[in-house]
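Structure first, then comments.
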Amino acid sequence: MRFTFRCQVRWDDMDAFGHVNNVTFFAYMQEARTGMLFAGEAAEHIPDLIKGVVVARHEIDYRRPLEWRPEPIEVDVWTTHVKSASFTLRYEMRDQLAKPKPVVLAQALTVLVPFDLDAGRPRRISHAERAFLHRYLEPDDLSR
Amino acid sequence: MRFTFRCQVRWDDMDAFGHVNNVTFFAYMQEARTGMLFAGEAAEHIPDLIKGVVVARHEIDYRRPLEWRPEPIEVDVWTTHVKSASFTLRYEMRDQLAKPKPVVLAQALTVLVPFDLDAGRPRRISHAERAFLHRYLEPDDLSR
Amino acid sequence: MRFTFRCQVRWDDMDAFGHVNNVTFFAYMQEARTGMLFAGEAAEHIPDLIKGVVVARHEIDYRRPLEWRPEPIEVDVWTTHVKSASFTLRYEMRDQLAKPKPVVLAQALTVLVPFDLDAGRPRRISHAERAFLHRYLEPDDLSR
Amino acid sequence: MRFTFRCQVRWDDMDAFGHVNNVTFFAYMQEARTGMLFAGEAAEHIPDLIKGVVVARHEIDYRRPLEWRPEPIEVDVWTTHVKSASFTLRYEMRDQLAKPKPVVLAQALTVLVPFDLDAGRPRRISHAERAFLHRYLEPDDLSR
């Protein structure tokens, strides 16, 4: 199961080349991720992540340029690994309105580490967090 | 008649004080404004504004702090003056979900000038643009 | 006496019109303001503002467009009013490298309110803060 | 030889966790990259890149959190591969003021593709561009 987030494109996300700037795709990923991990059921079931989780690594491959439009784009997020103190999410960003068919804008992954901001250090993933992340598990066969 | 735009709040819009940063409200205004002037019927009826319009002036009064949440906020936009080569928009930004009743987050205005980017200078407002802006006219009695 | 901040322009500050976006000027003002109020001598003499100060109002008039360049722009900041629980700063943003002479990019003002984030409410300006702000006082004859 | 860029940290680069947000590091990389490829000698010797170059891929590993401070951070950039129609840059971002010694904040790489915006397609790297990129060549033994 994938978490799908509809992300608004802001006009100012475009740069002087007239396309959404490469940096902004990480903002889109962040919005999809916070939508999955900080809001809705997550806010209820795994309330500690919103108190502290840090990004350890990102990878992204850009497939198509994007221009501003009033309709949101779609960002899929799912889990590929859950270790004891880190987990990996993958993303697919799509222009679902492209003709004749939807196109992939970018594919990406993020390694995240739950963090105890008060203690100033990483912490282990809780059982509830593991169970929540496993709902969206789609193991990744492609070696990196 | 007011144009109402539902604007997503991005998690990263918050600053180190844990509130949406004051700068970001101008991004929300920009999104509401481009939603009104660059998209939908505007894209069809007044296609030249998207080719160039510059901000001459902004004023804003902040009323309440805003924290990130998954639901969009509401931004109303309407016209208060249309001169020969500039026009003024007003905005009301609201947390429509606040309890026990909606609250105003900020009120603002922008003076805009249609701009011919190729010629590098301001241009007059066309008849079609004037008619479009008049749809949203709500003259402002309060002198500033 | 004015506080002068040299502010880097980021390439991504430009929007699809090829100019620094209007929203970004408020980021420049924020950097000049934090340079004045949160860093250097301010960090030593008035350490409480960095713990909480909110923007109540902004006004800005844009004078010239700005394009990305590797050299910073100059932002002057000074105080025009200090009341019991708020104060007003003015700004002049300049392209000091423009030929044949420097040009003003924008002029602006901000009304700021010291804020007790823990208590969740505004607080009065301290004696030390008043003295610090008075160093940069340049009263404004033009009523607004 | 590495290109070293001193990048200002903006107060608003921090998010609600009180650290510079992960997304912003890509803005720092972009500034270092544009400083290397669009400004100074590059503006003179390889004037076509600023007319169009797109990011095909990014990787980043975050090492340490960063808080706002008035002093810039240091970003090193260098070339690791130059192919016929793409090239790879690596980055090291450092807090050069950390005590007792400088610390690495993040390490990253970007694959870039020169792009003909008018034709809407990638183009080959010119001789002048190859020579320029080779000045900063530091081949990478770690295959990826």
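By written order: A, B, C and D. Residues from 1 in each chain.
Heads up, the rule we're going with is that a contact is a pair of C-beta atoms (placed from the backbone, for glycine too) under 8 Å apart; a residue touches a chain by one contact, two chains touch by 3 or more.
Computed from a prediction, not measured in an experiment: that's the story for all the values here.
Put simply, the chain farthest from chain D by mean CA position is B.
Set against one another, A-B and A-D show the most C-beta pairs in contact at A-D. The mean-CA centres of chain A and chain D are about 23 angstrom from one another, to the nearest whole unit. Computed from the mean C-alpha positions, the centre of chain B lies at a distance of 35 Å from the centre of chain D. Chain A and chain B have Cα centroids separated by 29 Å. In chain A, the residues that reach two or more other chains under the touch definition are 11-12, 18, 21, 23, 27, 30, 68. By the touch rule above, chain B contacts chain D in their complex via residues 11-12, 14-16, 18, 21, 23, 68. Remark: chain C residues 7-8, 10-12, 27, 30-31, 34-35, 38-40, 68-70, 72 touch chain D in the complex.
In the complex of the two chains, the chain B residues touching chain C come out as 17-19, 21-23, 26-27, 30, 52, 54-62, 65, 117.
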